[in-house]
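Residue numbering begins at 1 within each chain, and the chains themselves are lettered A, B and C in the order written.
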Amino acid sequence: MIMQNKIIVENLIASFGAKQVLHNINMGIQKNRITAIIGPSGCGKSTFIRCLNRMHEVVPQAKVSGKVLVDDKNIYDSDIDPVYIRRRIGMVFQKANPFPTMSIRDNVVAGLKLNGIKDNDVLDKTAEESLKKAALWDEVKNDLNKSGMSLSGGQQQRLCIARALAVEPDVILFDEPCSALDPISTSKIEDLMIELKEKYTLVIVTHNMQQAARVSDHTAFFLYGKLIEFGETDQIFKKPKEKSTEDYIVGRFG
Amino acid sequence: MDREYLSFFRISRSKFSGDFIFEAIIGFFALCILVFAFLLFRELFVESGLSRNTFGWDFLTGTTWDPVSEVFGSLPFIFGTLVSSFLALLIAVPFSIGIAIYLSELAPEKLRTPLSFIIELLAAIPSVIIGLWGIFILAPFIRDYLAPPLSTYLGFLPLFQGPMYGLSMLTGGVILAIMIIPITSSVSREVIMTVPTHQREAALALGATGWETTRIAVLPYARSGIFGAVILGFGRAIGETMAVTMVIGNSPRISESLFSPSYTMASVIANEFVEATSKLYVSSLIEIGFWLLVISVIINIAARILVWKLLRVEGGGRA
Amino acid sequence: MKWNKRKMIDRIMSFLTAACVVIAIIPLVSILYTVTINGISAINLDFLTQLPKPVGEPGGGLGNAIQGTFIVVGIACLIGLPIGILSGVYLSEYGENRFGRFVSFVADVLTGTPSIVAGMFAYTFIVLYFRSFSAIAGGVALSVLMIPIVTRTTEESLKLVPGSIKEASLALGIPKWKTTLYIVISTGKSGIITGALLAIARISGETAPLLFTSFGNMFWSGGLDKPISTLPVQIYTYAITPFPDWHAKAWAGAFIFILMILILNVGVRLVTRKKFG
């Protein structure tokens, strides 16, 4: 198996106005693997993941420097349109956010419709495929015209995953996707992530260490905006090299 | 992965992207607002030029308004506007605060929405209809039932002297009060609702009654916001035209008595603008309009600052 | 203070403040009652569809005034709604800067423009320029009052759309302008519509701006560039005459007018309540 990095982060620095939140992050994220980002509240993990799909800069006064290379191309190059990047790198948020005025089917294909694809046959087919990939198809196949808001929390989150999948990204970022969900929905989504890594590269931010241990291949530990340690998940959890990593995992702080 | 239908998306960012064009177009409409505010002031300022140059500041202090000999002084109207509006405040504010307190603190839950809806309805009635009612119902009522006792018991005050024929400063003040109660009470109510619950709870935990809680915990907190609501009401009273024109008597004299007819800035414009024959006459009326706008804007800015501060800071409601 | 005395004061204050509410409602009741009693008897189909007759002649109606009101308000909407809504969209979605905050403040202050001043502006701007009273001038005068209201209500409605929805759209690679146009506006739609309807109700009731812009007309509208009759102006004209016959017509006109305005207002609020009920 060829281990190649889908994303390489070089000297990434991020700030909100005068406040610097990420200090010189250097990291490689492997293709078709799940990489978990862990760390206490405020350590910069959400900011980090938002730098990967150029969502960080949407906030007023937010700044980024450094490089993020996806397939060896720096996504922060001046000739790159961030809108395009976000199609190739999708995101699922902490709280499910389906579009309230759209049906389930329209929610799934929103990314395609709004980018000019009008052929209903293509849209319907894509909706079905994406919902299947997100393990939601069986539950909603007869209710595609119902509002996206009529689903339960866990289903809404899977709807958001289907929506992200429909635009055919290479990478999917998950920002604490299960923190608002019950254990059963959480476990469904964890199983889904393991299935998805076959075709996609996944990065997941989580404050739940058990989840990171269950699901991920590699884990990065962040503290106060710095990358403290990065390695295979097994190694991080069983034999952490840094003391602060060990402290966090054992539960001494955070 | 089948990506061909995504292939027409641009990688590189062009200067005239959809985002730029869209923002420019709707930004243009936002700019229209500024342009139009500017035009509003400019038109009135320029068209009042003849009058301003002829009379200077005497326009604001002159008491003669004589279209025949072309002498125009606006003091009677400024007097009429300010006094009628102050009178309206004197009457409306106690009621408005009472209403606001009742509807936000003391009334049973079920009554709150219907009652506030009914009060709002008063604001929806067109001013010309309120004026119509004012001429035929309110003015006779004040003349026959309110003025006599005022004259009998308080007649030693110059305020209540002289004959009362119904159309008077007093009637004008009352009708304005009726018209500003809805806005003053509703903004006061919103302000009162932004008082944090923990303030009330602190008082209640000490064993305070409903009224005492309102008096100790709520009102002091909401004071500046309520003041802002009062100023908003004042601004509304100043700009009001039809109802007050129909009941105030339209006589440009300055009198100490509330029983005398009076004339407001808005009313003189409404009555005489179409009849105004000479350029100076029209220009003078426009100058009155200009000052009316200026006063209105100043009052509104003061009110917004007071109300905004409280509503934004507490994160509650909308002005 | 003894507990009983405090309780009594509490009861008295409850009573007094409730009395404030009751007293404030009395004029409302009186107005509605008077208008209905005096106006309803004159209402018949003729009244709604005929032109006014000269003094002394019985009969006639306010058909042209009703027509005129619709026309002038319609013109105001054509001007005021696009400008108001689009600038409100700008202020909400792109207005986090000094320009946006300033415009928002100016719009807010302009909502308090005295209506007669709006009429005066339309007079100098349109009537003087075209040398004629006209329906268009009346529409412009009303739009002066309408635009700040619609701008602010649109801005506030769109600000209520949760940021997470916008983020979801951006994260899908949908450009900001499409996010605003298709996602934000459609989510905030009902607030925008409500605000617009309330603004329409508000300007429909205005008289002062029309006194020297659309002016008045005893006949059906002869064209948008000519003077036109409107209900409020006609009511006012009748009310200040010394003729009892015309006073009766004023009441009748007032009855129709109040009916139209109240239906519009109540309708809007019922719709809002249903959506959030």
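Just so we're on the same page, a residue touches a chain if its C-beta (ideal position, glycine included) is under 8 Å from a C-beta of that chain, and two chains touch if they have at least 3 such contacts.
Predicted, not measured: the structure shown is a model, and the values here were computed from it.
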{"item": "Greatest separation from subunit C - chain, by CA centre", "value": "A"}
{"item": "Identity of the most central chain, Cα criterion", "value": "C"}
{"item": "Whole-Å gap between the CA centroids of subunit B and subunit C", "value": "16"}
{"item": "Subunit A and subunit B: spacing of chain centres that average the CA atoms, whole Å", "value": "53"}
{"item": "Approximate Å spacing (C-alpha centroids) for the pair subunit A, subunit C", "value": "49"}
{"item": "Touching two or more other chains - residues of subunit C", "value": "175, 178"}
{"item": "Overlap residues in subunit A, where contacts from two or more other chains coincide", "value": "84, 87, 115, 167"}
{"item": "Per-residue overlap in subunit B, given as positions that touch at least 2 other chains", "value": "17"}
{"item": "Contact set on subunit B toward subunit C in their complex", "value": "17-19, 21-23, 25-27, 29-34, 36-37, 39-40, 43-44, 47, 94-96, 98-99, 101-103, 106-107, 115, 117-119, 121-122, 124-133, 135-138, 178, 181, 185, 209-212, 214, 232, 235-236, 238-242, 246, 266, 269-270, 273-274, 286, 289, 292-293, 296-297, 299-301, 303-304, 318-319"}
{"item": "Subunit C residues touching subunit B - in the complex, by the definition given at the top", "value": "6-7, 9-10, 13-14, 16-21, 23-25, 27-28, 30-31, 34-35, 82-83, 86-87, 89-91, 94-95, 99-100, 102-103, 105-117, 120-121, 123-125, 144, 147-148, 151, 156, 175-178, 180-181, 201-202, 204-208, 211-212, 215, 232, 235-236, 239-240, 247, 250-251, 254, 257-258, 261-262, 265, 269"}
{"item": "Subunit A contact footprint on subunit C (complex, rising order)", "value": "96, 162, 164-165, 167-175, 178, 182-183, 186-187, 189"}
{"item": "Partner subunit C, residues of subunit A touching it in the complex", "value": "53, 55, 58, 60, 83-88, 90-91, 93, 95, 97-101, 110-111, 114-115, 160, 163-164, 167"}
